[in-house]
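You will see two complexes here that share chain A, one where it goes with chain B and one where it goes with chain C.
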Partner chain A sequence: MSKPVVKLLLTLSLLCIIPSFLFALTGEEVIQKMDEMATFETSVSTGSIKTTDRFGTKISTFKAWARGASDSLIEFTSTAERGQKILRTQSSLYLFYPDAEELIRLQGAALRQSVLGSDLSYEDMTEEKNTLDSYTVVLEGSEIVNGHDCHVLTLTAKKRTVAYPVQKIWVDKQTYLVWKAEYSTAQKRLLKVMEVLSTVEVAGRTLPSETKIEDKMKRDSATWMTLDSLEVNVPLGANIFSLENLTW
Partner chain B sequence: MTIKLPAVAFRNIFRNFRRSMLSAIAIAVSAMAIMALLALLEAMESDMATNLVSYYTGEVRIRHESFEQYERYNPLHLSLDMDEVLPLVEKQEGVRAATERINFPANLYLNGKNNAALGVGVDFASEEAFIDFPSLVKEGRLPTEGSNEMLIGALLARDLHLNLGDKVTVLTSTALRGSNAMTFQIVGIASFPVGGLNAKVLYVPLDRAQYLLRMEGQVQEILLLTEDGYKERDVAASVKELLQTELSLQTETKAWKDLNAMYSLLSIAKFIYYVMGAIFFLLGSTVIINTTMMVIYERMREIGTLGALGMQGKELTRLFLLEGSFISIIGSTLGTIAGLIIVFILSKVGLNFTEAMSGVDMEISSILYPQVNFFIALFVWVYAIIIASLSTLIPSRRASKIQIVEALRYV
Partner chain C sequence: MVGKRTLCLAFVLSFLLTPLLAAVVPVVDMSLLGGVSYKPSTETVHQGTSMDLKISLPSPNSGNVRGEVVLKASYPDSSPTLEEVIHKAYLRARFPSFRLTAGKTRLSWGDGMLFNAGDVLYGSSSTSVSLTQAVLRDKTDWMAALNYPLGFFSFFETILIPSTSGRIEDAGFGFRFYTNVGETKVEAGFATTDAGVRKHKPYVSLQGNIGADWYLSSSVELDRQFTASTSDLLVTGGLFHSLYFPGDRTLTLRLEFLSRPLQSWAFKGQEDANCTFLLYPELVYTPTSSLSLSLRSILSPLDLSMNATVGASWSVFEGFSLVGFLSAPFGQSSDLFNWEGDQRIALGVGASWIY
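Up next is the complex of A and B:
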């Protein structure tokens, strides 16, 4: 091979390799992008939670409002739990029951209780989208999940107050959607598995429209959370995430 | 040889009266202790039976056939249709009364904290035959149907600093496997005989419990009381069959004795106590054995003389056996009378186990009142006499084997 040809090949190889080094994302950047993609200024959605367990199948429907990374309000619309609400603000989580004269504030271990007997906990339903505040991230590599090229990341909790001490997540390299997640204890005991079954495009972002969650602590139990409609960046009342509004 | 053995044996007791009395007292203490123990056990058994029937299972309990299998998951949806089942079982032969209940785990939300309790939805009217609620209410009144009112155990109220008129939000899981909460006002504080009930139970009207738990028209269990002369197991079997035939409903319908392992254990314990009682008497009898042996050695010269005069070995054995038996009768009689007096006093003042039973989840009342039972008294009296008398047989038989020539050497 002549010298100029070798030079050309070397130059081309360098040109191919250098950008990948220059533009490779760190684990933190992937998580940041992931949170950004899942967060809207405001959103209003409707959906359902279908739970199957040893006793059969149960479907509950809800309407949810969210603002930024921290504030969310869920109101159940199905007959069995009509009018029940869950409010999450930056610091607290409150439950409203139509027949109770006071709000119930959940804290500590109570946040890990199941919502309506499903595989979802109150924390899962209303989780804050600022993952890096609570976890350190290690980018493990890449894997193909359901035909999507994904970053594989391991998140380890910085504080003991989080629901899942260790999370392993598969984040789409293109859309930053979490296709799959495994939630474990610090001793690597698997607690829950989440999998996105279908997606929806909203405001140029890809979001999960159907998600399956399995609580590995329960036998023969699985929950499907389906989003029927989602509107983003819609104007919301100023006090929609206040306690006054919750009891109104 | 014609001699009145019982008269001689009786007279011999007084030859060393103090020693005879010591033997009698040993028998008396054993009899008294066993008498008190059996009376206490009898009281525990009957108290447990009353409490189980009144507060827990009735004499017959009807539940959905799969409820027990999944009980740890609180499967309130495995329920009974009260409008279908109740009228049918009420008419069944041998059924005296019926009531319906829903037991549910309840969290009392107070000052930002959940406090675990056991909620029971009851129909206060039909409960009359089962629980005498009016006599248990210490303060206030019974909740009324259709109102968000509750009757709470006195210890639970005390522990949570709750008073009459206070409002409490009860958070629970529903039959639809969701959650729900409702605020109730405390209108009554009750003092239940069972410590466990006092410390953790609250009663609400059945219709409000059904609303809270999303169990419209449904109940978790139906409890029955049987007519006199009917066996609970027979009534349970006939009710189960009736529901199966008339409604094609498979149920778990059982008599209360088949539902309560603790009660069965108590019955086994009773047998063990009878065995322990026998050992107790044998220990007490060692004194009488010792006394008889000493008497035989002391009266060796007398035995030789009686033998030389023609008294048979069997008669000698009978003589000492009779002496021992008379001491046993005296001891047993004294012990049984003393036991009766103790039990009589305890039946008035009661035995307070409140502190000892705190934290123990047992269906026995905190204060027990052992009752004077003359059957037990007679049993203990006879039991003590037989065991103590048989004990004297061992040394008495020795008297018959003594050679006359050998005995006369003591002359």
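Up next is the complex of A and C:
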């Protein structure tokens, strides 16, 4: 092959390869996009938490309000726990128990307590969507999950206050939906696996409508979280994420 | 007969207080308990069955006015008074700048599960409490309260407690201020009540986190002349922490204390009304999300007596739980807890159902 031809081929190869480097996303950018797609100015949703074990199924229903990445309020509407509320803000988590008219402020390890005996913790239910504040990210590669081409990322906790020290997540390259997540201890011991079973399109974004969470440390136990309705960017009252509204 | 009349009256009242009854979904909370108890003082064994029934009629969960009627009855208490049957009957109205609560309900002031010096409205220092209950203090009373939000996480609250004698000078009132200073919750307030004797009760209550959640409250009871005796200064506090193990097994630890620091710290028999120092350790172990095992105890270090309760609760089906407990006092005759008088060793098993 003549020198000019080799030069031409090399030049063409570089021209083909360079853009893919220029436009390839870093792990941090994938996480930022993932958080952006999961965060709305405001949202109002209703749904249920279904827990199964050897003795059958327990269902709790809820209504939830959220604003931005940090503020959320969940009110349980099912009979046994009706009126119990969880308010999450940037720095604190408050619980309200209507029977005793009791307002409890939770901090620290108490955030990891199970919500209503499910495989979800208070931290899971009201998780902040500022992932990069709490985790460092490594982009591991790509895999197909449920027919969707996904980025595979490993997140390692920067601080000890998070619920899961290590997370491995599969993020859709098109929609930035997390199709699957594995939550582990710092020693890489698998604790929980989350899978998205179905999705819904809202405001041009793909969001999970049914999610299954399995606690890998327990036999015969799983939790399904289902969204029955979701409205986004709806006007919310100015005081909805306040103690006054929590105890209302 | 009195009991039946009272119950009928209570149910009629609940209908009157709940005009939108058609839209109301009642919630029934039923607890059945059977057990045996041994009374060491008389060396007798008793067997008994009891039932607690609670019917809640909440208003629809919308609009700016809400309310709830909660009726309670217990078997074998055959003649409950209307006051006992109506556990809650209140309305809440949300105005643009404040909220009104009127009727019979509860306001939880201060912090503490068993001991809470900040609970100046109902009192949370007595040891006459069943350690088998999930909620240890749930006394309610008639009131009118106004809550003024002062930001998202601060508010000012005032309460008027109506006179039970009909004389206006016997009415009580109080107020509290609730806010966060940095990572610490700060609450301070005052209540004046007249249950036979006029008492003025200022208090302060703090809550924060140092790895474990902590809370600390202090109050003093002043008489009409604003003087106090040594037993009137009360300090309570506690630590709460959860430990997590593989398999979602959880161990929660709580340690509360109650102190009347100006009382005598001599090692001698204590009395419930003026104990110098008490401890409340609580361990709750949940090996699975539906099973919990608990050890709760009230310790009186100055007379080395205690009342301990070992309990288990298994949430089998939706709203349905099986419960069991063993409770026993330990101490000598002059101690706070002892095997004299009415104190018993009790073993019980039962079920509770909410539907």
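We adopt the following convention: the second predicted complex is superposed on the first by the 232 of 248 C-alpha atoms of A that agree within 3 Å, B and C clash if a C-alpha of one lies under 4 Å from a C-alpha of the other, contacts with A are read in each partner's own complex, and residues count from 1 in each chain.
Criterion: a residue touches a chain if its C-beta (ideal position, glycine included) is under 8 Å from a C-beta of that chain, and two chains touch if they have at least 3 such contacts.
The model shown is predicted, which means the values in this text are computed figures rather than measured ones.
With the C-alpha superposition on chain A as described, chain C and chain B clash in the combined arrangement.
Legend: residue contacts after superposition of the two complexes on their common chain; A:Met194 is shown touching neither chain B nor chain C.
In the superposition on chain A, A:Gln107 makes contact with both chain B and chain C. By the touch criterion defined above, A:Lys58 reaches both chain B and chain C. In the superposition on chain A, A:Leu95 contacts chain B only, with no contact to chain C.
When the shared chain is aligned, no partner comes close enough to touch A:Ile49: not chain B, not chain C.
Of the two partner chains, both chain B and chain C are touched by A:Ala80. After superposition on the shared chain, chain A has more residues touched by C, the comparison being chain B against chain C. It is stretch 73-81 of chain B, out of 37-45, 73-81, 235-243 or 289-297, that runs into chain C when the two complexes are superposed. Comparing which residues of chain A touch chain B with which touch chain C, the overlap comprises 51, 53, 55, 58, 80, 97, 99-102, 105, 107, 110, 117. Across the complex, chain A meets chain C through its residues 51, 53, 55-59, 77, 79-80, 82-83, 89, 91-92, 97, 99-103, 105-110, 112-114, 117-119, 185, 189, 191, 215, 217-218, 221, 239, 241-244, 247-248. Touching chain A in their complex are the following residues of chain B: 70, 73, 75, 77, 109, 112, 114, 148, 167, 169, 171, 173-174, 176-183, 211-212, 214.
Touching chain A in their complex are the following residues of chain C: 25, 27, 58, 61, 66, 92, 94, 99, 105-108, 135, 137-138, 147, 149, 151-155, 178, 180, 183, 185, 207-209, 211-213, 240-244, 246-248, 250, 252, 286, 288-290, 315-319, 354-355.
Touching chain B in their complex are the following residues of chain A: 51, 53-55, 58, 60, 80-81, 84, 95, 97, 99-102, 104-105, 107, 110, 116-117.
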